[in-house]
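What follows is a set of structures to go through.
Common to both upcoming complexes is subunit A, partnered first by subunit B, then by subunit C.
The block that comes next holds the complex of A and B.
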């Protein structure tokens, strides 16, 4: 089983609100790998494919987010999700 | 049973006469059993699938604002975490409806308690979602529009925007809500589509039968007497002029042949019907707040510029008057922190807020300056109370114009006028001669003159109805000032959209009215019988 992980800084000015959260979960669901998220420094992980859980984090701009994936396409999943966050979810901000 | 009148808050004008029909909110479904846990689970899955399909269809047909709200709901509905919680309860013996409602309840509470207004507002989306699935579990009985009688007055506690958008309003009468408010997104949609709406009516449980919804004054009449019904039927047929192409298309002239300009108020350009715009003399008021609502943060300059340019293009050379951002502490704006004030209506709002927070105002100013080269654009400042506010705003426009030109961008300084909402302006208009034109916002002018909020209900709201002699004097003052100086003076508040008030406004000398698009036909009809 392949595993991959990364930490990424949320720079989108409004943080993980509905539209960015929808983009993140939609992208996560395109991968086979199990993908987990947690705010940097927090104990529990949440499922990156669950909009309920992702919105529940209520992450603000400036928070760091840990990404971890396990599965055949784990490295690709982590790389693409990280890039999405770094691109401010492709929003003009 | 004798006639009874229940007062609420007028949220979108109009009259409906028809049977009261309660929209199923699914609460009856919560305890109903479909069978063993396997049957319960199958029923829930089928209801979720049906709800997802329906939301996706609604989203595909919606404008951008509505689509974002709906797509978030579609994603929520597809979340295994939500379903897993309900499935667990079903396995433990709970009926599908109860399990689903309980799974959503936890989320609704969590969002409802959030610190940020933005997250709190999502609780409404989740309640909308809960009810849509419960509606499908109930087999859609009263939820499916086809089973609603034509002309029905729908009753609900509150209604989510997706439910509203899913109903066929061309064959329904209106909407009576026990809760809700006139500032909600739903009320905005109802006004744009001309659906009569009264909010805040309080409990209507068990009320049925023929009723009258008077959304101009904000009440429901239960068991109306025959002469009440006759009166409202007459009013409604006068209002029918709004949809009569001949009535719409005629130029607005009084009986003596005097031309009156009729322009439109635009809350949401997506809902502006082209045939109404074609029948008007232009757009007399664009409430630019539509650009700011339903977003996570204020729209950037380019988004605003495109919206203004689209309106100019649609107006095809006729004037488009954009009112700059008009918000205050009572109308929270996502992504903008405003001071909590004890009395927001006398606080930092309208132009005061924009001048205090130039970072919010500048992108709008630049967008307007750049759009101004594309058509007949005019800019209107809200809530002006002191001449210095016009001077300050003009300085800001001039500075941004210089910046844009220095950057080699095409831009032009539009005419800058003001709203007349604060009595101080109408009492001494000559002090505000730096404005290029004036538009009377009757709603606020009435409220500030009579110290009575229209949405206060009862005795207080009655003070704010109609054309008080003091308000009439203020309007006459403005008309006289316009005549002396040659500056345009129009009325763009709700008064201009009330056929009963139009005669009085014309008597006062008003010759420019900006009205709700849905009222254009009826206002032209009222002008035609005057003088």
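The block that comes next holds the complex of A and C.
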């Protein structure tokens, strides 16, 4: 089983709000790997493929998000999700 | 837009609410999902109409099924009536989600756009109420 993880800084000014949450979830769902998220320093993980749980994170700009994936495409999943966050979810901000 | 994703129908007493919720779905989830909406009664007032709901279901019909988001009581009753009016037993592939209309529509559409089943789409929307 391949595993990968990363921590990424949320730089989008509005944080992980509704539209970015949809984008992140949609991207996560394209991978076979199980993908978990949690705000840096917190205990509980949530499923990155659950739109309701991702929106429920309510992460603000400046907070850090941990990504962890397990499965054949885990490294690619983490790399692409991290890149999406770093690109401010492809929104012009 | 493909026919192999679950279709989404938004039914409100108000055409403005229905159209606004559909706009939010298109803006947030994009064109990868089939969404139709209807609101108002045939007289142009607030209300819902089974025939219009039926037309909206037909507009986004998919063999994968259709998830319907409703607002208040009458909308659910008329949606169920429209589902019964579907021919060839297709009503079995249409479900009214127990979820708030705007958030439920966005969540259901997000799930549908990933190619999920009708069960998964409704479960995601209904997770909002848990």
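Operating definition for what follows: the second predicted complex is superposed on the first by the 93 of 93 C-alpha atoms of A that agree within 3 Å, B and C clash if a C-alpha of one lies under 4 Å from a C-alpha of the other, contacts with A are read in each partner's own complex, and residues count from 1 in each chain.
Following the convention adopted for this analysis, a residue touches a chain if its C-beta (ideal position, glycine included) is under 8 Å from a C-beta of that chain, and two chains touch if they have at least 3 such contacts.
Just so we're clear, the structure is a prediction, and the values are computed from it rather than from any experiment.
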Subunit C versus subunit B on the shared subunit A, clash or fit after superposition: clash
Touch count on subunit A, higher of subunit B and subunit C: B
First, second, both or neither for A:17, with subunit B first and subunit C second: first
Touching partner for A:47 - first (subunit B), second (subunit C), both, neither: first
First (subunit B), second (subunit C), both or neither touched by A:58: first
Clash with subunit C, by subunit B stretch, listed 3-11, 21-29, 255-263 or 435-443: 21-29
Residues on subunit A lying within both footprints (that of subunit B and that of subunit C): 18-19, 22, 25-26, 49-53, 55
Subunit C residues touching subunit A - in the complex, by the definition given at the top: 27-29, 106-107, 110-111, 113-114, 116, 124, 127-128
Subunit B residues touching subunit A - in the complex, by the definition given at the top: 68, 71-72, 75-76, 78-82, 107, 110-111, 114, 116, 118-119, 122, 296-297, 300, 302-303, 335
Subunit A - residues contacting subunit C, complex: 18-19, 22, 25-26, 29-30, 49-53, 55
Contact footprint of subunit B on subunit A as seen in their complex: 13-14, 17-19, 22, 25-26, 47, 49-53, 55-56, 58, 92-93
